[in-house]
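Same chain, two partners: subunit A is paired with subunit B first, then with subunit C.
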Partner chain A sequence: MAQVIVVTSGKGGVGKTTTSAAFATGLAQSGKKTVVIDFDVGLRNLDLIMGVERRVVFDIVNVIQGEARLNQALIRDKRVDTLSILPASQTRDKDALTKEGVSEIIEELSKDHDYIVCDSPAGIEKGALLALYFADQAVVVTNPEVSSVRDSDRILGVLQSKSKRAEEKRDKVKEHLLVTRYDPNRVERGEMLKLEDIREILAIPLLGVIPENESVLRASNTGMPVILDAESVAGQAYKDAVGRFMGQELPHRFLEPDRKPGLLRRLFGGRAA
Partner chain B sequence: MSWLDFFRANRKAEPDSATQAKERLQIVLAHERIGRTREDFLPRLQQDLVAVVARYVAIDPGKVNVALDRGGDISTLAIEIELPGAKSGASAAPAAANG
Partner chain C sequence: MSSQALPETFRLRAGNFNLLVLRLLDPRPDAVLPALGDQFRRAPGFLRFAPIVIGLADLEAAPEEVDFRGLVAGLRALEIVPVGTTGGSPQMRQAAIAAGLPPLRAVGGRDSETEVAAPGAAPADPAAAAPMPAPAPPPVAAGPQFQGSGRNAMLVSEPVRSGQRIYAEGADLIVTATVNPGAEVIADGNIHVYGALRGRAIAGAQNDSEARIFAMNFDPELIAIAGYYAVREGLGGAPIGRPVQVRLEGEEMRFGPLG
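For the complex of A and B:
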């Protein structure tokens, strides 16, 4: 049986798709057979972030409506052979997704995969609800910013009430906090919520912190999941997060501000370097 | 300490924006989490109160106003019910019941 992992946040633009791509790639790199599904019907983007946009033939809606078989719609990743992608439809709307249809797809994928990563759309409507409905575990992507933290709290409430596990009164969905776009320099200046504050407010276990980093945009520009950029701090931070998810104990890195003093600070004193 | 801090110290001490963000979040989420587990009780409270008052005075259900101000330590709920004047149909000054 596969583990179903939803990558969700409530708020848009916080890094769900970046995280889904990196996370699925990281799980697959460790040898686990992994599939990542784009639930953002009408606004698909996982294909671009994964760099497979030119290979999309069929999508999840085609499979649900019986116009294609699941195997025909799955795109095998060329970099990591244990990874495949199921794209969303770009032309239909979210009503084309049905609970029964998604259920059948997840059941079939469960037979020969270890992990099914569901990339949720923003919001708490049909696409987002279906993305989290079948989840065993949830990665809640949060930016250090008030609206993102509030929406994460809201989506945690939805996970606890609207998921299949909640409905069937089974063990609750296992929640993981992933803080992205974290800037330790701004935190030090009191301009950004501290990691400890976000943890205190949301009160779920911390999976990782991805620092604000140029490599993320560079990776999306080229259609390469950022975790494959092993030199970059964001890539390393995602690698650590995947490691922790799989049970390794790894210290959190990249949480301290740069200690290179600027010219002005060197001239006028300030904190010791 | 840099000499620049001298000027900073003269400014009014206001918590930095990150601290304000944390405090605002704590207050709003405390309220939203209550609403999540219990359904919003305000509409029913309003109905019940109007029913009680209507037992004694004929009132117009449309002339009931409920206002809520959510705060960190205390929240206030104000319910204003407009009572008709002594002679029905006459333009009477509304009496307000605040709670």
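For the complex of A and C:
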């Protein structure tokens, strides 16, 4: 049986799809057979970030409506051969997803995969609810910002009440906190929430902190999951997060502010003032 | 149009009261009343003009056997004022209504009565058909009362998250974790939060103005007791971030330190 992992946040634009792509790629790189599903029917971004947008023939809605078989819709990644992508449809809306349809897809993928990563749309409506419904584990993506933390808190409540595990009163969905776009310099200036404050409110185990980094935007625009950019700090941070997810004990990195600008400001900025 | 506003003649508010319950074990007023009069003659004034609720749950008799009118008249003669009934079968309650005794519903469900005894009363003789369960320590009439509210408590040990709403109906609410922004905790009784209270807390939801809110880290969006509320902006003087208890004094909210 595969582990179903939902990547969710409540709020939009915090890095769910970037995380889904990086995380699924990282899991696959470790040799686990992994599939990542785009639940954002109507918007469809995962294929772009994974760089497979020109290879999409069928999508999840086609499979649910019986217009295509599952393995016709799955796209095999060319970089990591244990990874495949099930894209979303851009021409339909989220009502085209049904619980029965998604259930069948998850069940079939479960047979020959180790991990099923579900990239949730923003919000707490149908698409998001379906993305988290079958989850065994959840990666809650949060920015160091008040509204993002509150939405993550909301989605954690939804996970506890609306997931299949909650409905069947089984062990609850295992929750992981992933803080993205963390800029220690701005945290120090009080412009962003501190990591401790986020952890205190959400009160779930910390999987990782991804620093704000230009490599993420570059990776998105070139259709390469940022985790494949081993030089970048964001790529390394995602690699650590995947390692921790698989049970490794790794220290958290990239949490300290950059000291150099402060020193320069003290030397030159101070004199000018 | 008259520029003069009409003077306010009344305000309608719900209130919770502690009432004595007279649990009937015998349907005959002439058996109950002398025993009752005898018991309370020893504590004069204890029940004088005290409102009392007649408990019907223990009464093993048919509704037509109970002389409610005679009972009401007899109690009034003893300067005890029966205000209603509790428990009993629907037929029994119907018979009581006909005698001017409406059924009352206990807050927090049944069996929320606490035992009481008249001050100075001798330990009751168990053989006597004493209508008041006895003996029990807390004297009702004298001094400060340490009576329990008779309420249950609801315990929540997970964080209460944004969008979640928890209602402790007829009970106190104890949260051992935090109440996050955007969450709402409501109780008919008191609210205790042992983590940070960052959401909304509404105590005494059935207009119990005695209800209080306790928080180890007081940082709420809104608090309310018995319908009186204050939003965060109006909490200027409150000790934010500290252990605090909130209570209602008249129509004013009071914030005191905890412990």
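To be clear about the criterion, the second predicted complex is superposed on the first by the 262 of 273 C-alpha atoms of A that agree within 3 Å, B and C clash if a C-alpha of one lies under 4 Å from a C-alpha of the other, contacts with A are read in each partner's own complex, and residues count from 1 in each chain.
Following the convention adopted for this analysis, contacts are C-beta pairs under 8 Å (C-beta built on N, C-alpha and C of every residue); 3 or more make two chains touch, one makes a residue touch a chain.
Note that this is a predicted model, so its numbers are computed, not measured.
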Clash or fit, subunit B versus subunit C on superposed subunit A: clash
Subunit B versus subunit C, judged by how many residues of subunit A each one touches: B
Which of subunit B and subunit C A:86 touches, first, second, both or neither: neither
First, second, both or neither for A:157, with subunit B first and subunit C second: both
Touching partner for A:203 - first (subunit B), second (subunit C), both, neither: second
Which of subunit B and subunit C A:177 touches, first, second, both or neither: neither
First (subunit B), second (subunit C), both or neither touched by A:4: neither
Subunit B versus subunit C as contact partner of A:46, first or second or both or neither: neither
Contacts of A:193 with subunit B and subunit C, given as first, second, both or neither: first
Common interface positions of subunit A, toward subunit B and toward subunit C: 150, 153-154, 157, 201
Contact footprint of subunit B on subunit A as seen in their complex: 145-146, 149-150, 153-154, 157, 161, 187, 189-194, 197, 201, 265, 268-270
Contact footprint of subunit A on subunit B as seen in their complex: 1-4, 16-19, 21-22, 24-26, 28-29, 32-33, 36
Interfacial residue positions of subunit A with respect to subunit C in the complex: 124, 150-151, 153-154, 156-158, 160, 200-201, 203
Contacting residues of subunit C [partner subunit A, same complex]: 158-159, 161-164, 177-178, 180-183, 196, 198
